[in-house]
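Since the structure comes first, as structure tokens, the remarks are kept for the end.
As written, the chain order gives the labels A, B, C and D, with residue 1 at the start of each chain.
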Amino acid sequence: MSSPPVSRREFDALFGRVRSWGRWADAGRGAWNRVTPGHVLRAAALVRTGNVVPLGRPWDTASGPDNARPALHYMSDLGDVEPPEPSTHKDFIGADYHGKAVSHLDAPAHVAYRGRLFDGGPARELVGAGGARFGDVAGLGPLVTRGVLLDLPAVRGTAWLEPGEAVHPADLTGAEAALGVTVGEGDALLLRTGRFRRRRERGAWDPGAASAGLHVRSVPLLAERGIALLGGDGDSDVRPSPVEGVHSPVHTLAVAAMGVPLLDNLDLEALSAACAEAGRYAFLLAVAPLNVPGGTGSPVNPIAVL
Amino acid sequence: MSSPPVSRREFDALFGRVRSWGRWADAGRGAWNRVTPGHVLRAAALVRTGNVVPLGRPWDTASGPDNARPALHYMSDLGDVEPPEPSTHKDFIGADYHGKAVSHLDAPAHVAYRGRLFDGGPARELVGAGGARFGDVAGLGPLVTRGVLLDLPAVRGTAWLEPGEAVHPADLTGAEAALGVTVGEGDALLLRTGRFRRRRERGAWDPGAASAGLHVRSVPLLAERGIALLGGDGDSDVRPSPVEGVHSPVHTLAVAAMGVPLLDNLDLEALSAACAEAGRYAFLLAVAPLNVPGGTGSPVNPIAVL
Amino acid sequence: MSSPPVSRREFDALFGRVRSWGRWADAGRGAWNRVTPGHVLRAAALVRTGNVVPLGRPWDTASGPDNARPALHYMSDLGDVEPPEPSTHKDFIGADYHGKAVSHLDAPAHVAYRGRLFDGGPARELVGAGGARFGDVAGLGPLVTRGVLLDLPAVRGTAWLEPGEAVHPADLTGAEAALGVTVGEGDALLLRTGRFRRRRERGAWDPGAASAGLHVRSVPLLAERGIALLGGDGDSDVRPSPVEGVHSPVHTLAVAAMGVPLLDNLDLEALSAACAEAGRYAFLLAVAPLNVPGGTGSPVNPIAVL
Amino acid sequence: MSSPPVSRREFDALFGRVRSWGRWADAGRGAWNRVTPGHVLRAAALVRTGNVVPLGRPWDTASGPDNARPALHYMSDLGDVEPPEPSTHKDFIGADYHGKAVSHLDAPAHVAYRGRLFDGGPARELVGAGGARFGDVAGLGPLVTRGVLLDLPAVRGTAWLEPGEAVHPADLTGAEAALGVTVGEGDALLLRTGRFRRRRERGAWDPGAASAGLHVRSVPLLAERGIALLGGDGDSDVRPSPVEGVHSPVHTLAVAAMGVPLLDNLDLEALSAACAEAGRYAFLLAVAPLNVPGGTGSPVNPIAVL
């Protein structure tokens, strides 16, 4: 499962190979430009049972090894602030949502490499205290496209991938063959490693120290396929990083080189069961991030519709 | 436009008439129990052009007459907190989202009348500082169903309804006839009053003082139709309230009596244009609230897919 | 150091013994009613070297075993939001400050026993989502009085008290004798256990599981002395609690029975050194909580002036 | 009251005239370096009646013309989250406190002019998303010194200064003479304009548009006197600004040129009455900002002790 480390030189070559800068007029939307109305129609045609499966984890207000910045949830009215009738119950939510606990979308503005955002603009000038002026989540808008689940533990017949296990190109193509699905242009690829099943059975651990995820050498395959979105139950990157001096190489290639937004920390357990039961691993995926101007992403509750 | 005021006695009779307590085993999901996989399939079949229209307003951090509790958005990393490479940009968002500015969903737990939540449970025991133990948004989950837009200004040939204008049953049935659509069982009804067009042209005002919206006597019609969700560019209630002693009578009947969640403060301008262009006012609507255990609702960015 | 457990019956007897309900007209200020202008003058007369020692810990935004709800600190302007000149840097701070990490004051409203706040009012009616209507921190206002440091490790010649060590009445009177100071009416008593020296040398631990602090049987002595304020580098309670069924018995007696506000999580290391150098353990103490109407306390940075 | 506008050239000359860069080894503490233990002793000696007067406004959670970013206050426990006994009430507070509503301290890091912080360091390198690395509030610590109230409405025999009124050097020296006090080295100068009396009687207005405050030509007098701290019931600057192209010229000179922290939005009404009653306008002032590493200031509740 382990593989020789990746040099910074090789990494930079990979970056150059998958880079899709200068391709789209509305560059801030990155690879979501790949998704045309035709892709939406194709996704709608996949709806056959009407089973709607949410992929968002519970809003997690408890700190822990995988939740260094717990989300906030406070009741602002319990029917005793605003006068009845009716009485109303209200709440405040808040989150520094990037991290390992909140199901969220990374917009193109989230990641820069060597000071450059996707499409080459200088991060320091384009992102400030007021937010991002390029690649923000409000500019992305929502996405409806075909989702494909590569359920790696299901393919391997294991409960989960162990933290630290890297997913290589052969794992991806093997999963495609085993699951009868082929990732293609405009797809949203979801990778299940079984993280949250393991968490439920073994307890929480620090995913920054060890996570199953994609090896950086798997990214060119995804680039060739022309995916629009990459997500999973981790944050896509295998950890520790196999690339010296680059803590999140898959983030770097996907977001900064390819303009592919990421979905991190999805709970894919119910989707795994639903796909197994339905005997198919492609479905309509809808992602509707909050409309935050300048935002580098958003907490989300993506839905798969089978 | 005005109509005789509604007595508390009449209101309570209306409440009794539309009340659907005791109907569903999973009562906390309220009228979303009406939406079956068949409704999802029917909604998917409405997708014909692949046009995806988001309905969420921009996250509004500026206080004003319609934004008493401005949302929060702060950058928590500008590439200078976590070490590169890559550099990452992160942000915190927060909102006390009920109110007039954030596009949000009201879960059944949001409203109680005479101390009772939907299905009759005592609000004081079911909702506390830790959140709601009945009718919370995590229990609701997402919704995919047929959405119907009743575009009242389009029907009337006006730019918007004036603040304070009430929408009566005849307005609803008239709009159905004019737009060629009939609201039915399991539908999500969206009501456009043109609020945000007016706001853009005339500036913000206090919608708590004056809003176009449904007259409370329109609710029985909606109950007969068996809607699952009610939403609009206001908060569904005409204001000032026509019911003495009840500040939000439509909220009360919809949420507490019928278990119908509400979508408040949607920006329906783009959807209005899209429906007019497509020549139809029914579409797939997907609502994916954040998965907040105990939450009384959620900021959302619903999507219509035509 | 260990002692037989305290039964609930004994605890309730202690509660009755130290209870000072019905004593003050402005009961919401609790024992701060003991501090007269004369006490302020007496405190000012203690200022001899002009050494000002702050007691507040750094605002701690990192979660950990003693920081389950990390404080928030975000920059809201880096000179790029509001236009220059001048450019301005701004920040947002936030905290759910009760707990083990933030130096804070507990107002009388913080604690109720058997449903009763200090002075006997019903907690459920007096504290709601809008805050406390009795015993809130805005009603308390600031305090200037004589502070007395009982530096227990200094007396014992140890670096710190081990987590779990209880401080008994003889420890208090022994410390008074050793340090040449006697706690009296209207004083602010500060108890040093060496917690933050231990934390710096040994790393953080969970103080909810084990903390050095006062044994509940020490509280009557403090009641006899008529203290106005009790504080320390822990939260005053030894943990685990020696009282079955009462997780914070010192909190209960001090706040709910005696109306004595508490100062939790002070960093007393510099004050320990300053008192040792000055050869005296009494000084002016000033506590200026934020003026939060309805607040159950406040983050604070108390100052000792020697 | 009005005076000819100040050119940018004159302003820059004023900046050079009052600049005290390169003077202190611990430059990040700015003019608080002026306050020695001797100043603390002198302040303590001013305590004669033991009257403690808090200067912090109530934590203001209501948006309005002078509160664009309302403070947050939510109850996080109403005795129903953590198990009894005792039951505990807890709350979250938060604030983007710079602005016109929260009583707060501006640390030296708050203001930069022509890209330079106090003492000349480059703002862009010294302040980032993680906070300020120079001139932060944690580095400042608390201040105890002589406070002097220049109560301008009391001197003029008016209820308040009208918004927009500028305070000139002759107003300051006239007030000194009338009130029998002389501002000197290491003092904290508090300027009362009667803002909050006017607000209570006339209602809130936008102080960004019109505020009584210091004319920029008054600052050299304050520099000559060697003040350590400047504060008031406004934000010290008269508004609109008399300096073209500089929105907050007094902030700029005080903070960036002189290293003098500011206290904004104090409620000085009670202090005004206390000084009038005592017949003296000098007292001990204690300011204890929260210990926020990297913070550009802090909400505070300063206290005057007479």
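The working rule: contacts are C-beta pairs under 8 Å (C-beta built on N, C-alpha and C of every residue); 3 or more make two chains touch, one makes a residue touch a chain.
Here's who's who by UniProt: A, B, C, D = Cyclase family protein.
The model shown is predicted, which means the values in this text are computed figures rather than measured ones.
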Exercise. What is the Cα-based rotation angle between copies chain A (Cyclase family protein) and chain D (Cyclase family protein), on a 0 to 180° scale and rounded to a multiple of 5?
Worked result: 180
For this session: For the copies chain C (Cyclase family protein) and chain D (Cyclase family protein), give the interface type as same if over half of its residue numbers appear on both sides, and as different if under half do.
Result: same
Seminar exercise, completed: chain A (Cyclase family protein) and chain D (Cyclase family protein) have mean C-alpha positions lying a whole-number Å distance apart equal to 46
Problem set entry | Between chain A (Cyclase family protein) and chain B (Cyclase family protein), centroid-to-centroid distance (C-alpha), Å | 28
Seminar exercise, completed: Distance between the CA centroids of chain B (Cyclase family protein) and chain D (Cyclase family protein) (whole Å) is 45
For this session: Could you list which residues of chain B (Cyclase family protein) touch at least two other chains?
Result: 72, 74-79, 92, 96, 128-130
Exercise. Quick one: in the complex, what on chain D (Cyclase family protein) touches chain A (Cyclase family protein)?
Worked result: 72, 74-76, 78, 92, 129
Exercise. Which positions of chain C (Cyclase family protein) touch chain A (Cyclase family protein) when the two form their complex?
Worked result: 62-63, 67-70, 72, 75-81, 96, 128-130
For this session: Using the touch rule from the top, collect the residues of chain D (Cyclase family protein) that touch chain C (Cyclase family protein) in their complex.
Result: 36-41, 44-45, 47-52, 54, 56-59, 72-79, 83-98, 103, 109-115, 123-124, 127-132, 138, 141-144, 245-248, 251-252, 256, 284, 286, 288-303, 305
